[in-house]
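See the structures that follow.
One chain, chain A, appears in both complexes that follow, with chain B as partner in the first and chain C in the second.
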Partner chain A sequence: MNDSAYTTESTAAAQRDRDLDDPMVTVENLKKHFPLFEGIFQKKAGEVRAVDGVSFSIAEGETFGLVGESGSGKTTTGRSMLRLTEPTSGRVEIDGQNVVDLSDGELKRFRRNMQIVHQDPASSLNPRHRVKSIIEAPLKIHDYGDSEARLERVEELLDMVDLPREFMYRYPGQLSGGQKQRVGIARAVALNPKFVVLDEPTSALDVSVQARIINILEEIQDEFGITYLFITHDLSLLKNVADRIGVMYLGRLVEVGDVDSVFGSPQHPYSRALLSAISTISEEDELAKPDRITLDGEVPDPREKPSGCAFRSRCAHEFDACAVEEPELYDRGPDQVSRCFLHDDRFEEGAEWE
Partner chain B sequence: MSTKTSIPFLDTESAARKERIRQLKRGFRTFAGNKLSLVGLAMILTLVVAALLAPYLAPFPEHAGAGVYFDQASEPPSATHLMGTDTTGRDIFSRVLFGARLSLLMSGIVLSIAISIGVTLGLIAGYLGGTTNTVIMRVTDIFLAIPPTLLAMAVVAATGASLFNVMVAIAFSWWSWYARLVQGEVLSIKEDEFIESSRALGSGWVRTTFREILPNVVSPITVKATLDMGFVILVGAGLSFLGLGAQPPTPTWGAMIAQGRNYVTSFWWIAVFPGLAISFAVLGFNFIGDGLRDVLDVEVD
Partner chain C sequence: MADPILEVKNLHVHFETHDGTAEVINGIDFAIDRGETAALVGETGCGKSVTVKSIMGLLPSATIPEGEIRYKGEDVLSLSDAERHSRRGKEMSMIMQDPMTSLNPVLTVGEQMMDVLKWQGRPRLSLSKLVRDALSTGAKAEHRKRAIEMLGEVEISAPERVFESYPVELSGGMRQRVLIAIALLSEPDLLIADEPGTALDVTTEAKVLDLLDELVEERDTSVLYITHDLGVAREVSDRINVMYAGEIVEQAPTADLFANPQHPYTRGLLESIPTLSTGIGDGIEGHLPDYTNPPAGCRFADRCPHAEPDCHEAYPYPRQTGPDHATACHLFDGLPARERHESLAAERVDIGTAPWLSAGGDTHSGDAPGDISADGGTDQ
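Here is the complex of A and B:
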């Protein structure tokens, strides 16, 4: 397994960025493999490598956007980082603490530092609890003051997410989707966490509400310096939200870079295809983005990934080398790496690839 | 489009309570939509009032005990004795009223015990899964396979006939239904995202099961418990009919039927009225249970 070689290189590339000298979050070679069972005796028949060696870092107070199609492993990455599902291997360092090493008890206590906002606000709030007790839950679990102090904190949090304080007596069923998501955000930031995973926080909401939710998240980040991992399938959303972006495909990061580089000059064929698919309104934007690239076929079955480069089955530039081994991450700028042989001088196929 | 004004304010705790009352009223309208459930409610209210006020409503409260009044033995129903008298002259109406007390009390206690055991085990099995689940549910299966009456008879035979033993015995054979019901519910609720949210907040499995899952299984438990009230009364009456329950002269309905069964042809009222009381209670609880099922199956919006 020569994975580690690529990993160290990518980490090295990331470390060059001045902001990343002392990152808040570091993920190193994170893997999550789900075993597959078959037959009446449940024999292990293989595994799905949902997350297969992902590495990146996030500087304090920054937003790292993780983008990919469904099945790319982006949500599993986020959940493994918080150990909501146990990672198969790898390191996840949050505020200097390797989360993977924590015992169950330590993990429970450490959870005050890392939180998650789920995709579907309708199911992430218990329908039988009032808003007050939902937001109060983390405070109670982590012994935050007496009931008076907690009430004060709940009011403060409702102010923060711009909900009337009176809403604390409501049940989630009496709130709109956007309001529910705000309650979810209030609960996630109740204990001033260092790091919050935003798992498609807006994709279940109306477009008109999405912008408001994003604004609230940004206001909270500005005020408290929280570090975000923003998971989404909507690349266009990240342009205004993220500081850096990672593009995932079948459990691997294929391109990582700061938001301007990735949007300005996407390097990997897959990133280009994603960017070309963004719908634009102004003519200026339309001209700026790459010509429309239509990807052939579907994402391959994750149980049977193509050999070599996982993307080659849908790539217009595929050549012999792609099937043989997986490309490493090549430096493509001060803070931009891309996993494609087109960047390799050894192959003449990359000559016309700027 | 300020969201603050788009929904009427629930300014205070009291406004929230009003909203809650409004929901309850709506629920009651659904409940009352089914006429039979209203009938059931009326029947059970009658029963509860009868049980609570038995000493005041009964024309001859002293007849609940072991009196002997041979001068009025085996009298047919009349204005003085609404349901007649038994072979020792005791007023059957008075004894039926006191019997309602015992029946409701027994049923309530039995179900409280059964629900405490069953729900706890069901929650634990469903949430923890794995070996814990296998062990708990296999034990539950064993208990499910034995008819409650039979198991209760065995327990009473071993521990001696008394009302207390009967209650423990029935509870012991009844919890398994709740364990199975709750375990099934937990399996589906467990997949909801708010369970993961709870875990992400750092709560342990005890908090997650009892604070997050339990409130979501209250509805099915309530419906089942209401229906079961009648059945437990039935089983209890069966056991006391067999002489395994409270001992004479305690006026349990089952024992009264047993006492009257030798005279059904000549003094039919001795056995028939306690029997009607049992039917009355069982029917009433079933009607209410069905109505509650209609109300609670509806999503609480």
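Here is the complex of A and C:
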């Protein structure tokens, strides 16, 4: 593996440490459990622990990437952070305010600070509303000026996302996928939020369109210092957009760290497998990723997670301890933690694991 | 191209719409050698799926005003429906894109697999055959055995159980394996794979692609691989055809295409792909032209950073720009790659040479075509 390309600059790391002392977003032990019912009396028959104790923090103006396969709980994490789905327990602090404690009225007012860009632009815009009224909706709800001020703001937002102002009078059906997603972004940033969840904002788009959207998102972030949570399954994309990333597997974070460390030397066996599966377009990239690691089987049924480490059923390095208890997060660098017993000195199995 | 299994020549496909005739495929040419894997790469709406569906004969609503599709030397477009039917499934088969919707939800996997074996190569079952099949349990048992064997070959761990399962009981990766098993059941000589990995997670996709690769290698099957992902195409294919707006804009052996991408669209596409080492480019402005009123000249001209007024007028026929490398762009000189364009070659369109070539002679450069690279200014 080519480590030299990813050496972390110590100054950058130090800067980050300072920022993380006073993060914009802090998530502590966030849980979202969906109950399962069965029988004609709808008796509770267990639960799916979609998000099961997730903790991380994001510094102001930073992009935190959340990556994982379908069913890993990354979208549920993003949605429960914004209380679009009620979290079961945990703390989510955004700009010093614990969102989980807010009453409905307070929550509504607080929403101007936290927004979301949805995955599928085709189904997240009301097809019967014109672009203008779609972008204007959050402005109206939060009493932003009179109609003239709102119109001005809509024009400003359209400029920001690089859409012609005439598009204001179009319906979503008249726009292409990329254009619709730009409308989605304009709506999300309309109220100058401090924090935006980007839930796979480009996964429904072609790569040539994706690149434009990513550039627009980065421009907006640079200008307004918005903090992003970027949810995606595309690791090469995250490498380009995120400052720090978290790898999720079955509702748990298995590795968290700054993007260069995680890509330069992934510590968790699952992160390595994910990285190794990236398809590349150059020799250089081919060398920069681990050799192909094939995972056994498929993601287990979330109703019946394996005991101990949830990943052990697919892990090539599984040993006795893995089934007994779940590993904690071990420090693996200045800003890198990994949840695996291979890092534990108590077990000799980890000795050959670099 | 000594002995191609499939040859597509000057294929045009039109659809009648309310807004007039949509000229979706505008004269494409490509060939697949025996045992070769060729990729057809392009973005949403460029006509990849229309191309392969025309090859399979699955587009009843389309008209093909011009062109030839030769399978093993025989023009399939001149065959009757029954004759085409008899080749479908047996000679050529297709893996559909979406494993969630391509299987019949009310039939078990086994029933769907048995169907392939039962109907294979026959437009309809004669009554006597039907009776014979019903009476002889032998054929059925044999089919069952063969189907279960095939499920084993696509590395499904409990083939008997999956054989009895309904599609909803299986995960996406499993369903995709079942689709591969169904497509390979009849041992086709040509396999068309329409984005078989797109709907899957990366780790599953990687596994399915490896498996498919192994299976076609074993059987020496020729494969036409449809994908929007150049990274995937690089992994699986021997040659790549890049499609844009119903035309093949560049074709080359895979290694050559990545070492020396020529068409501005190919280059734009390559730059847009997020990579581990170089970052993400600017993407390509604009969108596909309207198929009912396509531009007379280059269909990419509206979005091309190098377009000149001539590009909007003159059709950029594919030119031979290197051994086994053809590019349809006025930036490149070269003999017409197809004989039918010889008359067009007489009228020279001169818009200069590709700027990234004149800058430093570095054909391998990954710099943005429109960018002034670090050494671009110091041209001796």
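In this text, the second predicted complex is superposed on the first by the 338 of 354 C-alpha atoms of A that agree within 3 Å, B and C clash if a C-alpha of one lies under 4 Å from a C-alpha of the other, contacts with A are read in each partner's own complex, and residues count from 1 in each chain.
By definition in this document, a residue touches a chain if its C-beta (ideal position, glycine included) is under 8 Å from a C-beta of that chain, and two chains touch if they have at least 3 such contacts.
This one's a predicted model, so the numbers in the text were calculated from it and none came from an experiment.
Student: Looking at A:141 after the superposition, I want to know if it touches chain B, chain C, both of them or none. Which is it: first, second, both, neither?
Tutor: A:141 contacts chain B only, not chain C.
Student: Contacts for A:211 in the overlay, against chain B (first) and chain C (second): which applies, first, second, both or neither?
Tutor: second
Student: Counting only touches as set out at the top, which of chain B and chain C does A:280 meet: first, second, both, neither?
Tutor: The answer is second: A:280 touches chain C but not chain B.
Student: Name the contact category of A:125: first (chain B only), second (chain C only), both, or neither.
Tutor: first
Student: In the overlaid three-chain picture, which partner chain does A:176 touch, first (chain B) or second (chain C), both, or neither?
Tutor: Touch partners of A:176: chain B and chain C.
Student: When the two structures are overlaid on chain A, which partner does A:84 contact: first (chain B), second (chain C), both, or neither?
Tutor: Only chain B is touched by A:84; chain C is not.
Student: Just to be sure I read the superposition right, which of the two partners does A:239 touch: chain B = first, chain C = second, or both, or neither?
Tutor: Once the two structures are laid over each other on A, A:239 reaches chain C alone.
Student: Classify the contacts of A:344 with the two partner chains as first (chain B alone), second (chain C alone), both, or neither.
Tutor: neither
Student: Across the two complexes, find the residues of chain A that touch chain B and also touch chain C.
Tutor: Common to the two interfaces on chain A: residues 176, 178, 208.
Student: Touching residues of chain C toward chain A in the complex: what are they?
Tutor: Its residues touching chain A are 43-44, 157, 171-174, 201-207, 210, 228-232, 234-235, 258, 268-285, 287, 366.
Student: Please give the residue numbers of chain B that touch chain A in the complex, ascending.
Tutor: 1, 3-4, 6-7, 9-13, 15-16, 19, 192-194, 196-204, 207, 211-212, 215-216, 218, 300-301
Student: Considering the complex alone, what residue numbers of chain A touch chain B?
Tutor: Residue positions touching the partner: 82, 84, 107-112, 115-116, 118-120, 123-130, 137-138, 141-142, 164, 166-167, 169-171, 173-174, 176, 178-179, 184, 187, 208.
Student: Which residues of chain A touch chain C in their complex?
Tutor: Those residues of chain A that touch chain C are 5, 69-70, 176-178, 206-215, 233-237, 239-241, 263, 273-274, 276-282, 284-285, 288-289, 292, 294-295, 297-299.
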